[in-house]
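What follows is a pair of complexes built around chain A, which joins chain B in one and chain C in the other.
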Partner chain A sequence: MTEQKAAGLTRRQRYEAAQRKRAAIIATTSTVLVVAAIVILVPMTPGWEKVQRSFFNGATLVQTFPKLLDAFKINVMIFAWSAPAIAILGLLIALARDTKSPALFPLRIFGTAFTDIFRGIPVILTVYLIGFGIPGLGLPCPWNSPYIWGSLALILTYSAYVAEIFRSGIDSVHHSQRSAALSLGLTERQVTRDVVLPQAIRNVVPAQMNMLIALQKDVSLLSFIGPVEIFRQAGVFKSLLANFTPYVGAAIIFLIVTIPATRYADYLMARQRQERR
Partner chain B sequence: MAKLELRGVVKRFGDVTVCDGIDLDVEEGQMVCLIGASGGGKSTLLRCINLLEPIEDGAILLDGEDVSVPGLDPQRVRSRIGMVFQSFNLFPHMTALENAMLAPRRVKGKSREEVRPEVEALFTRFGLADRMDKYPDQLSGGQQQRVAIVRALAMKPDVMLFDEITSALDPQLVGEVLDVLLQLKAEGMTMVLATHEMEFARQAADKVCFLKDGKIIEEGPPSEIFNAPKRAETRAFLERALK
Partner chain C sequence: MSRFLTLTAVLAVVSTSAMAGGHCAAGKTLEDGKLTIATGNPAYYPWVLNDAPESGEGFEAAVAYAVAAEMGFADEDVVWVRSSFDEAIQPGAKNFNFNMQQYSITAERDAVVDFSVPYYTAPMAVLVSPGATETEPTLAALRGLKWGAVGSTTAVPKLETVIQPDSAPLLYGDNADVNAAMSANQIDAALFDLPTALFLSAVMIEGSKVIGQFAPDESDNPDQFGMLMEQGNPLKACVDEALNAMKDSGKLAEIEAQWLQDTTGVPLIK
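Entry: the complex of A and B
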């Protein structure tokens, strides 16, 4: 007892401090070893110098980076108008799939078909089909723009996923909440709007954050049908300079955006887990 | 004419008959306690009265009007019959005050300003004035259940149903919730309770009904049911429950 008092720590606290110290030493050592192995071993490979020249060329990176950033604005723009459209359409599809009214039965079928179809087709295929197909109808400017139809392809595909996440959120609200609200005299619609949806949406925010991150990356798929966004711009530079470094530059720009977003989504999930405990 | 009358109410879930022809009269201002083992049909009966479960056969009359007619607008009936649940079921994303104001605003179409003073008065009456702006998570079980009662009362119902409302509470919190029931009884509220609180039923109920296998086996004033039960099943249940 007196010994413990002298140290100012309980037996348990001293044990845990020792454990933490041990874990820190092991983590540091293994990290140093792995990094050292990469730094030493990779340059020893026969093709390293060539790879370094064509992928990690400092001069090319500096030369192309500002233009890549410029092109990234197009990604941001497409993202900015697609994301809200996806949120709204996704929510509507989720509600349509859960509707019980017989008059809205066609809507329910439509919702189910919609999610089945757009979750079942690779994004790139949807982009191609809609992005080339619809302008092929010979629509007048601006209705032949790949920006519009490419964005639509993304909106349709992502809405299907987002709708399923919303639906799992709606299911996660305990049915007793619905009973309680109904017992007060609220209509089914009011119950959904005032009681179920606010809780459902809150429950799926972290999962939807992941969809946003994925969308940010998939905007690049539109490059296949025309828009000169960052991936396409990097491709142009690659052809001009015969060097792959612009792709690495593009990857860096994506990471600058997606890493903080991923961290934030993780933080939200961790917080939610804590709240549920 | 009784305030609330049940006539041969039958409720089945698949092949299981949960309520098997229940007749019950609840007079205005009466407190009726339903007792019996879990699974006896008490909770289901309450849910049927509130039209949360459609009944297969029989009728439920409120002020002489058959409210169990299939196709009748259930909202209108439910807004006259308040219900409180074992698990409180407060809306976790709203403060206590918002919980209680939601139904008057949505169902009766009143504005926040109209509803607020009435609802605040209810909170004050049940000793919850300083808890109005808290979220359910921030309240004790007893407080949450009292808020749930206030939420139901905010609709000014004619009849209140209580479904084992103290069963999920720590023993020391039961008293504050039962006190609310006594207060309501004193004010003349018509109430039906499903309860395991035998002592409370004995002291406060006007009528006690013993349910078993979906039937009312025996009913009468608490003095008769608890002191001189006529049926063997009632005696057996009470022996176990009062031990």
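Entry: the complex of A and C
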């Protein structure tokens, strides 16, 4: 049956099938060669055993992993309340920068200054300045918590980036759409809310996914001002056990979260490309 | 017979003069019959009081005189010189027999200079913020405080196993960050080794106080201070012997209690 079908193929189809087979063989061979080279050659290096003992120590990993997972809950918590705040503040800043009315010029200045400042300062510096600086002014407990002010530092920094992405999304909606909507009798406000923003936001979802992934990792910067999240917990284990495996354990936990998120962002981008075709 | 007596007398005189220089230390010091000890310039409280080691007041000054006495030197045979911290730790000839200024014994330093057996093991101490200075130095009272510590130090396991605070401690990268958190009132108390805690409370954080110290615990790899000597100094054996004798007799512990608990007013935590 199959033979009969194969016999029915045109010369071009046979040629393409052969080409595909050849490509598959080459891809398999090269992958096998590279993996084999890594698996065989790396352990042959003189320092491998030492590196394995201090970075890939199975016993240490098993011993520390549950507590690392526990500490990761702090990351998730900070992420969970920061991300929506960033989305809202980012959108507001983007809209502030996009206002057209001359009376709102101060708002535009504010939006520009905000993005310039918080995009320009390294995150860790913002975390230190806001995390230690504002509570240092003499706020009473619990309003001086490093969780509150550290999160605010992340929110401010990331809003600046997210606002720029939203703005590029707004710019990507063709001017004719706005004109058309205005000619239909919609107000400026309605045009922005009902015509421009829905398209703009949809256009930048994949790019914003990248910001989420980056934020998820940068939550660890809050460890500098006290919270014992996964990175600090791994550091404590590193000092106690004189072994770097806990950091590898932390990396594994991060990857478990970020890889699916990255694949999802890829999927969204691919779908968007298809829709635009 | 008389010749024999003379010989005995001569020998006796020789041996007495040798005694004056110490049995073990004879001929091993820079200047015969004198013991030259170096300290910091200036030397600080509570290690040396009023920058005057000659008074024998302050922990290191008191230990120095006690060690000298143990080795057979009278108080007036002790000569003090000054040296900077870094100068003493470099390899090469020294202008002192031994140097005391809170040198922690580390393997790297031990490669270029010699250390005596430790004369002090720095215990962990509790530094509290200005708002918590009235806290009792008891474990029960300490448990209720909001704690901080440097994440890479042995203070972390000590907190977890001994103090077991009610709320999770906050951990930082270095002393300066703990300092900032305490100034911002984000933590009430922090765990340091005693010398660091005394320094921070006196110099860095206004109004803070060291309210208690833990008994030094051999198991948690603490900071140990040793007397620093030139590499290969033959005097090391004598100094070690004297220090060990003082440890066995309880003399060293007595000096420590006098100068580092009573004088500093930092009681042991119960």
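In this text, the second predicted complex is superposed on the first by the 267 of 277 C-alpha atoms of A that agree within 3 Å, B and C clash if a C-alpha of one lies under 4 Å from a C-alpha of the other, contacts with A are read in each partner's own complex, and residues count from 1 in each chain.
FYI, a residue touches a chain if its C-beta (ideal position, glycine included) is under 8 Å from a C-beta of that chain, and two chains touch if they have at least 3 such contacts.
In this text, all values refer to a predicted model and were calculated from it rather than measured experimentally.
Visitor: Taking chain A as the common reference, can chain B and chain C both be placed on it without clashing, or not? Answer clash or fit.
Guide: Aligned on chain A, chain C fits beside chain B.
Visitor: Check the residue A:228 against both partner chains and state whether it touches chain B (first), chain C (second), both, or neither.
Guide: A:228 contacts chain C only, not chain B.
Visitor: First (chain B), second (chain C), both or neither: which does A:181 touch?
Guide: first
Visitor: Can A:249 be said to touch chain B (first), chain C (second), both, or neither?
Guide: neither
Visitor: With both complexes superposed on chain A, which partner does A:132 reach: first (chain B), second (chain C), both or neither?
Guide: A:132 sits against chain C, while chain B stays out of touch.
Visitor: Mind working out whether A:141 is in touch with chain B, chain C, both or neither, as first, second, both or neither?
Guide: second
Visitor: For the overlay on chain A, what angle lies at chain A between chain B and chain C, C-alpha centres, nearest 10°?
Guide: The C-alpha centres give an angle of about 150 degrees at chain A.
Visitor: First (chain B), second (chain C), both or neither: which does A:239 touch?
Guide: The answer is second: A:239 touches chain C but not chain B.
Visitor: On chain A, which partner touches more residues: chain B or chain C?
Guide: C
Visitor: Tell me, in angstrom, the smallest C-alpha to C-alpha distance between chain B and chain C in the overlaid model?
Guide: Distance of closest C-alpha approach: 49 Å.
Visitor: Could you please specify the touching residues of chain A with respect to chain C in the complex?
Guide: Against chain C, the touching part of chain A is residues 132-133, 135-136, 138-139, 141, 144-146, 223-228, 232, 235-236, 238-240.
Visitor: So in the complex, the part of chain B that touches chain A is made up of which residues?
Guide: Listed in rising order, the residues are 47, 50, 52, 74-76, 78-79, 81-83, 85, 87, 89-93, 102-103, 106-107, 148, 151-152, 155.
Visitor: Across the complex, what residues on chain A touch chain B?
Guide: Touch list, chain A to chain B: 176-177, 179-187, 190, 194-195, 198-199, 202.
Visitor: How about chain C: which of its residues touch chain A in the complex?
Guide: Within the complex, chain C touches chain A at residues 148, 151-153, 156-157, 168-173, 177, 180-181, 183-187.
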